[in-house]
Amino acid sequence: MYNFLTGPMAWFSFLIFFMGILIRSFLYIKGLDSNIDRVTYRVNTSFGVKEAVRSIFSWLLPFSTRGWRTQPLMTTLFFVFHVSLLTSTIFLNAHNMILQERWGFSIITIPNVVSDYLTIAVLVTACLLIIRRIKLPHVKILTKPSDYFILLVSIAPFLTGFLAFHQFGNYTFWMLTHIISGELLLIVIPFTKLSHSFLFFFSRAQLGMDYGIKRGGMKHQKGMTW
Amino acid sequence: MFKKILFATTGTPSCDAAARVAFDMAKRYNTELFIINVFGIPSRSFSQVITDLRTGDEIDLHDDQLVKIKNKLERRYQQQIHDYNSPHDIVLTDGIPHTEILRVARKKEIDLIVMGARTSTEENTGSVNRHLIGSTLQNVARSARCPVLIIGRAAASFWGGISNIIFGTDFSKGSSQAFEFAFNLTKMFNASLHIFHAIDISSGPFEFTKNQEVIEDRIREVRGMIRKRYISKMEGYNDYEIDVWEGIPYVEIVKYARESFADLIVMAHHTKKMAPPEESVFGSNVEQVVLRSNAPVISVNHPARQKK
Amino acid sequence: MNENIFCTPNPVNDKDALDALLRDKRGQQYYDEMKRLKVDTAALKKLVNDTCRSRIRTWLEICAHCGMCADACAFYLSNDKDPEQVPSYKIQSTLGKIVKQKGDVDNAFMRYAMDVAWGKCTCCNRCSLYCPFGIDMGVLMSYLRGLLFSQGFVPWEMKIGSGMHRIFRAQMDVTVEDWVDTCEWMIEEYEDEWPRLKIPVDKKNADIMYTVNAREAKHYPDDIAEAAVLFSIAGENWTVPSEGWEETSLAMFAGDWEGAKLQVKSVYDAMDRLKPKQMVVTECGHAYRATVIEGPYWAGLKSGKTPVETLHYVEWVAKALRSGKLKIDPAKKIKEPVTYHDSCNYIRNGGLSQYGREIMSYIAEDFREMTPNGEHNFCCGGGGGLNGIGKYRKERNTGQKVKRDQILATGAKLVITPCHNCWDAIRDLEEVYKIGIRWSFLKPLLLDMVIVPEHMKPQKEENEEE
């Protein structure tokens, strides 16, 4: 079981994950249409690229856009959740040990205790996000069951990994569920709203180009005030 | 002298006196008569809903409504239309009243616009509407390329038997045009022309208003100006009088008109087109005279239109 | 069987049909017929397939339902944070459903979508600045309007507006003759005070071709004269085209892409005909958006730009003040507190925010910004055609509360609104809420304070007295 999950199944899920990303990214770009979108992607491209980069980075930095600044609580939740989620996954000691073992390389890692805190942060912020969905009328009205589903899929590997690492109850059970949920996450990312993990960059870049090329980018002195 | 008369009416009692004169003149001089009623101003952007100028209600711009308004107008002027007994044209339109009146006057090459003066309760929507600063009367009188006959009080609504015409001058460019018109009318009626100027002592340097000798010097000077500028152009017509008084111009001219049994007052209306609102709001001399005088007032501001 | 007379998927293309539609008072019969208007689901499906590409599909798909767009929306805030006014909800429950169900929607749904598309959104695009993913719900709403128009689910006034453009190439029934005649008339009107004033019609190779909003020709011709005076004072070599003079586009508000294309082409044709160096657009927001920003795409111009460079009126004024073509008499600057309303269509969607500020630095002594302002300014409520739609008048009035509070907070009693629809909306705002403000275009204010060169002044007659 363990061998299957860490062997063919892992390959399969990574394949789906990366292929999915590649194909969807390709389809996104292919589907852009200067005339229908009313943005000349190929004319005055430099203005578009400049604003695309600004559009992405402004939103990657906490509190660097007016949108982030005007909703500080949500912004904090958002960044703690996403930053913890990504760093605790990528820089986790255990994950890098596997990399080292299989392919003979690893990247920098963070101490286990930090990973622990980050994982707890992911779980706590996820709970807060759920509470937000239930409590705030303007979020509640938007919320569909799938929103809970993808949130649960996203945090499942963290919960199970945390339990496995600290050997609550049956280590093997938690480890297997951790691997399964991780692989499930990889597989669903390209096909659900979780595709925002990469489509974010395209969507932001597109709007950046839109404002940069067409809607005033060539008239602005300092570029769009994001 | 008048071939086409345009009667601009709000269709309310405040225009009844003007209606009497308009129909009377049209019949007397056998002119073409156009009646214009700007019944509402556009107030809902580009839409078909407009604000009724009389009631402030929202009305719709469509045929039934126009027919209704037309019927109402015809009912109000039923007797006059019957007496006039010639074809007339009724123009019903929405828009800014003075803009539409001037537009039609220009398009139809009108020789005389006849209109009533506002009563205080009307046109109170002005402040919230575009380009409605100042009254319709003021705007029409200022910009029309033909004389504008304004009937303020009911007592001023009798046209005919004109034997005393007052020409009030302030020596402006418009006054020269007004003089020309007044003189032509005088000849036409074989009337007597009273050329009048009031020295404004309500403003000006203190020394000037205090010293009666200075004022009287000025009066002599003005009389000379009148002779030089107007009498010299009267080709020997000698039924005229010159009078120069001091005071508040519109008060003096109303008093003068009463004393000289004026049948008609001719003046120029020459506020600037782009005068700041606070100047326009208080109204010009012409408006004040219209509201106070028992004689009809004709405002002339421009040379007669060159016929195409 | 569709037995509808007025409410059909077909646009209005001739004068008889337009007149008939106009006679239907406030669209009573029109809206009644709409209840029976059948949705052509096959056509809708095909249209979605042809025009809904990856950008829109991705936007609809990745929306995380986070609700961060809510506070961006003037309508949401004005309606006491009604969750149904959350931009994402408005778009997901309408366009989202059409796309998801591949056009398989019914009449009731389409009427609901119409209520949302015109009654709850001015397409001000403000929410696009607050979505972390950069989802532009204003663009989505405009697209939805196009789908609705193609099926005939469009407010009565919008149907009329689109018809006006198709018939007159203007938003109102102003013909080329009317327009040229109005220009001539204005010269006569102003000749006393501005003896050398000209409005050159169809002059070739001028530096500036000036285009306007049809309402100026129809109701407010002084606006044209004021522009002429300012161009003259600035010594510009300018002209107006006899055809292609109308800059606005109710067709854009209506979602009538074909009509919008016809309209902008008339302006581009004028450019080709007259070969001006630049075009300047009057103080109108959506006109600039339609003809300068979106128009080139409708007309299929690969550059994405108008055939000749185009300036909005605020750009021209700012540059004229900067270069000294227009000089302001310092004594006549605006002394009282004054604020400036940013029109979404050329500020957020046109990048011209700095010009308004530059102008204010020349003409106002106590300029007070609204908060927020510039690209982040709130819509006045008059965008997207909402000023003229009777059916959604109430919604529009409610939607103005945010702007009302923004103005009140500045303490200024004078609001400068260099946009026809904003001007109207702020006027209406005063009518509805009575907060004691005045509002103005730039032109009349500039005319009050600009220094007039001697040669422009009327020659005084000898021995004339004031």
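Chains: A, B and C, in written order; residue numbering restarts at 1 for each.
Please note the rule applied: contacts are C-beta pairs under 8 Å (C-beta built on N, C-alpha and C of every residue); 3 or more make two chains touch, one makes a residue touch a chain.
Since the model is a prediction, treat every value here as computed from it, not as a measurement.
**Q** What topology does the chain touch graph have (line, ring, star, complete, other)?
**A** line
**Q** Determine which of the two chain pairs, B-C or A-C, is joined by the larger number of C-beta pairs in contact.
**A** Per the contact counts, A-C leads.
**Q** Give the identifier of the chain nearest to the protein's overall CA centre, each chain being represented by its own CA mean.
**A** Per-chain C-alpha centroids compared to the overall one single out C.
**Q** Quick check: how many Å separate the C-alpha centres of chain A and chain B?
**A** 76
**Q** Measuring from the mean C-alpha position of chain A to the mean C-alpha position of chain C, what distance in angstrom results?
**A** Each chain reduced to its C-alpha mean, chain A and chain C end up 39 Å apart.
**Q** Please set out, as single numbers or ranges, the residues of chain B touching at least two other chains.
**A** Touching at least two other chains: none.
**Q** If we count contacts the way the header does, which residues on chain C are in touch with chain A in the complex?
**A** Those in contact with chain A are residues 51, 53-55, 57-59, 61-68, 70-72, 76, 81, 83-84, 86, 88-89, 92, 128-136, 293-294, 297, 300, 302-304, 315, 346, 348-352, 354, 372, 374-376.
**Q** State the interface residues of chain A toward chain C in the complex, per the touch definition above.
**A** Against chain C, the touching part of chain A is residues 27-40, 43-44, 55, 59, 65-67, 70-71, 74, 78, 133, 136-144, 147, 193, 195-196, 199-200, 202-204, 206-208, 210-211, 213-221, 224-226.
**Q** Over in the complex, which chain C residues touch chain B? Could you list them?
**A** Of all residues in chain C, those touching chain B are 22-26, 157, 160-161, 171-172, 181, 185, 188-190, 192-193, 215, 218-222, 250, 382, 387-390, 393, 421, 423-424, 427, 430-431, 444, 447-448, 461, 463-466.
**Q** Can you name the residues of chain B that touch chain C in the complex?
**A** My answer: residues 42, 44-49, 60-64, 95-96, 99, 102-103, 106-107, 128-131, 143, 145, 170-173, 176, 225, 229, 272-274, 276, 302.
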